[in-house]
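Each chain carries a letter (A, B, C and D) given by its place in the written order, and its residues are counted from 1.
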Amino acid sequence: MKPLNIGLIGYGFMGRAHSNAYRRVGHFFDLDHEPVLKAVCGRDKDQVGAFARQWGYESFETDWRKLVSRPDIELVDVACPNDMHKPIALAAAKAGKMILCEKPLAMNSLEGLQMTRAVEKAGVPNMVWYNYRRIPAVTLAHDLVAEGRLGRIFHYRAKFLQDWTISKDLPQGGAALWRLDAKVAGSGVTGDLLAHCIDTALWLNGGIDRVTAMTETFIKERKHNLTGKVQEVGIDDACAFLARFENGSLATFESTRYARGHKALYTFEINGEQASLCWDLHDLHRLQYFDHRDEGRLRGWRSIHVTDGDHPYMGKWWVPGLQIGYEHSFVHQVADFLDGLAKGKPTGPTFRDALQTQAVCDAVLRSARSSRWEPVRRY
Amino acid sequence: MKPLNIGLIGYGFMGRAHSNAYRRVGHFFDLDHEPVLKAVCGRDKDQVGAFARQWGYESFETDWRKLVSRPDIELVDVACPNDMHKPIALAAAKAGKMILCEKPLAMNSLEGLQMTRAVEKAGVPNMVWYNYRRIPAVTLAHDLVAEGRLGRIFHYRAKFLQDWTISKDLPQGGAALWRLDAKVAGSGVTGDLLAHCIDTALWLNGGIDRVTAMTETFIKERKHNLTGKVQEVGIDDACAFLARFENGSLATFESTRYARGHKALYTFEINGEQASLCWDLHDLHRLQYFDHRDEGRLRGWRSIHVTDGDHPYMGKWWVPGLQIGYEHSFVHQVADFLDGLAKGKPTGPTFRDALQTQAVCDAVLRSARSSRWEPVRRY
Amino acid sequence: MKPLNIGLIGYGFMGRAHSNAYRRVGHFFDLDHEPVLKAVCGRDKDQVGAFARQWGYESFETDWRKLVSRPDIELVDVACPNDMHKPIALAAAKAGKMILCEKPLAMNSLEGLQMTRAVEKAGVPNMVWYNYRRIPAVTLAHDLVAEGRLGRIFHYRAKFLQDWTISKDLPQGGAALWRLDAKVAGSGVTGDLLAHCIDTALWLNGGIDRVTAMTETFIKERKHNLTGKVQEVGIDDACAFLARFENGSLATFESTRYARGHKALYTFEINGEQASLCWDLHDLHRLQYFDHRDEGRLRGWRSIHVTDGDHPYMGKWWVPGLQIGYEHSFVHQVADFLDGLAKGKPTGPTFRDALQTQAVCDAVLRSARSSRWEPVRRY
Amino acid sequence: MKPLNIGLIGYGFMGRAHSNAYRRVGHFFDLDHEPVLKAVCGRDKDQVGAFARQWGYESFETDWRKLVSRPDIELVDVACPNDMHKPIALAAAKAGKMILCEKPLAMNSLEGLQMTRAVEKAGVPNMVWYNYRRIPAVTLAHDLVAEGRLGRIFHYRAKFLQDWTISKDLPQGGAALWRLDAKVAGSGVTGDLLAHCIDTALWLNGGIDRVTAMTETFIKERKHNLTGKVQEVGIDDACAFLARFENGSLATFESTRYARGHKALYTFEINGEQASLCWDLHDLHRLQYFDHRDEGRLRGWRSIHVTDGDHPYMGKWWVPGLQIGYEHSFVHQVADFLDGLAKGKPTGPTFRDALQTQAVCDAVLRSARSSRWEPVRRY
């Protein structure tokens, strides 16, 4: 096994999820490379040091430029807030490092395009952490669509519902709440949640042609954690849009952080001429599947418990009937990336794939402002 | 259409359910006979009169012997408490009337045997109101088992859970609460609820060979509505038993009125070598079905919404997707009875079928007393 | 009990549903009026005659003008295809009859406005058969919203999914398939299915301010049953729209007849600051309810089995735990109408209420053509 | 952090699950001790060597006696087949090692008693891997019962259903199939699956007083992997029993490997006077809870998504809404054990706790042979 030296930037929720994936992948997958936790970087010396100890990083840095320039780092993992993705990615590409970047790729398509060009020019392996593709039930859904099981596709619908920002006393900005700060996050639910929905949709159902959208900010002002002042909220609290796919199917997308009762309810459904399927992050180990070719009186939605040995990835884990969780999607993504590395093949979603998702996000936000249907730019 | 003159005895919950079925059957089923609501009988003149008016009975009686002897009555429907089933059935058989009897058939097998012999000797059409056989999803379950779809049967499990007698302040006896009075009801949940489970089980899975049971009376004393005194409670509040079917399968049965949160949760499940199915009265329009012959990675429990035109009985009602309810099972049973009448064939469950259910109930109660496995007598 | 003489026009699916409601309402509800099935009208003499016999109508007509002019008819029930609603309603109003009209009220708002003015001018009781308001779980949802249980409303989402027109071999037009014929139906899923969603939404969540929509006709040509020729399909097979309510909440609506696996999946969800609820026609006896005021670690979506005595309408039916079905919503609507009649009060949805639903439908179809946000006209 | 040197015996399914737990616990829990993977032991040198490399064990042994006697081993983890639990535990206790033992504790109560006496005499920390107690939803269930939320308990029901041995072509015995070999496993589903159900039941609902049981072996003969001959199958394929708890509640238990459609469906339900709850291993992150104290018309079963920060263990993992899986229960058990170690307190289930579960299993198997109610011996 060849070591692969990782340098992680950011030690929040995603820093933990990625570290966990690096730590675990070798116990379950047979790979040519073994991730080595070489360094982690964060601005707060005490906190990043504690993180390094907890996860077994060999060293830590407080300046990302230093980490990127370290010769012993082969792969830079960008797990910090959105506004830092571009400068880090550009520097890492220039330094010839492989790059794994948290989603959304960038603050907007323009940034995303620059980043994509940079990694492509540098010829470095690159990937974006749209992890939900690697939940086994979602991968199975993809396989079924790709095999043509569903026939002609008529409809796609997705939503991502949360309820954690309903309280008007919640402040914005700072370490834990940067997602509410437009300057750091770029957008609200569109880049945070809908980006996931869009990535999956493009992967399952092909390109989106045009969209019409609406956004809303329900709480107009919140105290800002960094300034201490009550400031206008710049992000979208909720966003919904209609879309036309290139294959002629129609879609509805919706996301909000004001759907009381839903913590992380990402769902999608796809209706084809012969079969339909739907999935739900709150019970992520199940895929609902309906096949019109079943005998008439016995047709019904099948609740497939995606934990069998012949289900994607599941042969690597426990025994049938025993479910895995959210975090395993990151392990699978690392396993696939390392497998691609061994074979010299890119592993999706690449920066270019994620750029296209960014283009849809941009069209959505543009439509919300223009109140018109907006075409999606193709990259 | 030939009229069929009905005389109903009892005007409680079941009197309403039966009247409703007679009133409706002709609007949805094409039959040779039309039920005519000739007379209803009850002891309270005012109440039975009001009932007759509400449901359109042509007349009413306060003495069941009089109703049974009326020459214009062709069919006697016994919908009164259990202790009156035998005398009425014997008299009606003697008078040459057809008899439909509420379940359980009798207070015990001995009574049931006398009643069965009486109707068989008289040669009158007879049927017992185990209505759940005619819920379309249950009928479909029966069809699938009968076709051999499930293969060899390994397991059967059924339960009927309620929670309406948990309060110790609830009295026993009298019009609304005769089911708590052992002298009138014969037994508690065994005859009231498990009898339903057993009827379905015998119909789906064949004979039961032997059982071991336990019963419990959680509230030992309750005020009696008729005497006004606190008296010992004679019925079983809960009953569970293990059983061996003649086909070699194993079973568990359970019933209680102390299962907080369940109003009328009758469920059954049957596991065969090739397929399994389960059903639940709280969502009675669905059948859960699992077929091992489905492609491996796509196996799952199918939730069949039993509302299509090719589902049992459903072609007579509305359009696919629109569910019917509890009461429709009675309409179906009347339709089948009238169909059998036209064809000169008995319609199950007959008195003899219901006698066998009674035999299982008797064995269960005997085992609860003896603390031993008890064989089920075959009739 | 005072008789109320009904004249029904149309004897299809809805003619049966209404007749069933008239026949049943008196057995379960205590009312001052008793519907009398005086006459039914249809163009095919044999078929309408058979219908009259099956449901016990005293007479039948083949010319609706004749029925409307009969002095013994007090209430005209319009249950024929959409293109005939206006002429019949205008004539019936002129004749001073009460009018119950199937939904959608009219082919478009203009027609609807004429009809509304006619009944208001004539001062006759009027109501439109948006029956889903009277499914007990939906009524309970309304009660909870009306009581303010949910707090400020953020989101509304509804969809009505079917799959019965996917086959391209299905013809359009004629008795059974007039819903596919734009000249008779006015529109496709918008008037047929979304109209239901909109009626409920307006009732629960108040007025809709503006919409942006898209429609699609997946199968462009179908054989026409009346002409025998392959003709362009003029209806919308699918329609989705975004909406802004007057109360500031955001909504998504969608309907299609191309959602494989769904027969009649009408669902709605409403998210409020304090609580959320959702409902589903495929399990119509349940209401899902989430209350943020529950103790934190015990919060969860409650699956309320709406069959208790203290649930809307349910005290009139059977016992807790035993579900009713689709058809009962019509019984409830008749009961409420007769109750309103006795009290001299209008019963919603009146023609005017339904006119507002029509106005939303019009704006939706207008937006689908203009590709712009369209305001909803207020009536 | 103090190192804690682990010596693992067995490298099958459970060897992986335990190793995974040791590897992960320190990343998520703040503890005084850090497990060090010192050595793993197995009979096949190549295989145990590969396992050691994959999981990072510092060394491996092929003779368990050698591992037990190594002075650098502080804790012996017994993860090999049942027939080896006793000799290893006795030797490890004698050597003064802490012992974690896979379930069931022993082949029978007699062995279990010897083992319990040995660890208690040696005064070494000991624990048995009944891991399901530490699934957060199960722990929450325990908390609710312990707080008295449910009131007086009336009913307990549990089942553990699988379907992996239905094929008669499946052989018995040897590495992967020792669970079918009575000489190695001791019993079939009783020790393998019901033991889990019993452990949870005793923990939640107190002691079991007496039982009546039945067992069945559906496939009487299977080829034996070690002898190559077709031999009688000695284990129970299925087992069901009725039980009386000391608190007066009634119970049904069932387990089988012949329930087509269920892979690992462990479910339990408990009905109390005030509230009920149920849980299901196939959706292990949810707890169903019904509380009679809720407002009448809004009562319903709550589906609690046990992923919030105030749910047991969940504050250590990701964010609300994101589920964990099966394996995490082992991580929690190690965390609790290490926490107990730091505090000098035993962590349940201890050997003595597990001995009581064994006593119930023994009574069950005894009853299946005697066809009588059998008392459970108290230890």
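Please note the rule applied: a contact is a pair of C-beta atoms (placed from the backbone, for glycine too) under 8 Å apart; a residue touches a chain by one contact, two chains touch by 3 or more.
Quick caveat, the model's predicted, so the values are computed rather than measured.
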(message) Using the touch definition from the top, what's the fewest steps needed to get from subunit B to subunit D?
(response) 1
(message) Measuring between Cα centroids, what's the chain most distant from subunit A?
(response) B
(message) Quick check: how many Å separate the C-alpha centres of subunit A and subunit D?
(response) 36
(message) Centroid from C-alpha atoms only, then distance subunit A to subunit C, rounded to Å. What do you get?
(response) 42
(message) Just the number, please: Cα centre separation of subunit C and subunit D in whole Å.
(response) 55
(message) Two-or-more-chain contact residues of subunit C, please, as numbers and ranges.
(response) 262, 299, 301, 305, 308
(request) Under the touch definition given earlier, write down the residues of subunit C that touch subunit B in their complex. (result) 13, 17, 19-20, 23-24, 26-27, 54-55, 162, 164, 262-265, 281-286, 305, 307-308, 317-328
(request) Going by the contact rule at the top, pick out the subunit C residues touching subunit D in the complex. (result) 140, 144, 287, 289, 291, 294, 296-305, 308, 310-311
(request) Spell out the residues on subunit D that touch subunit B in their complex, using ranges where they run on. (result) 150, 154-155, 157, 159, 161, 163, 166, 212-214, 216, 218, 238, 240-242, 244, 248, 250, 252, 254, 256, 258-262, 271-276, 290, 292, 299, 301, 371-373
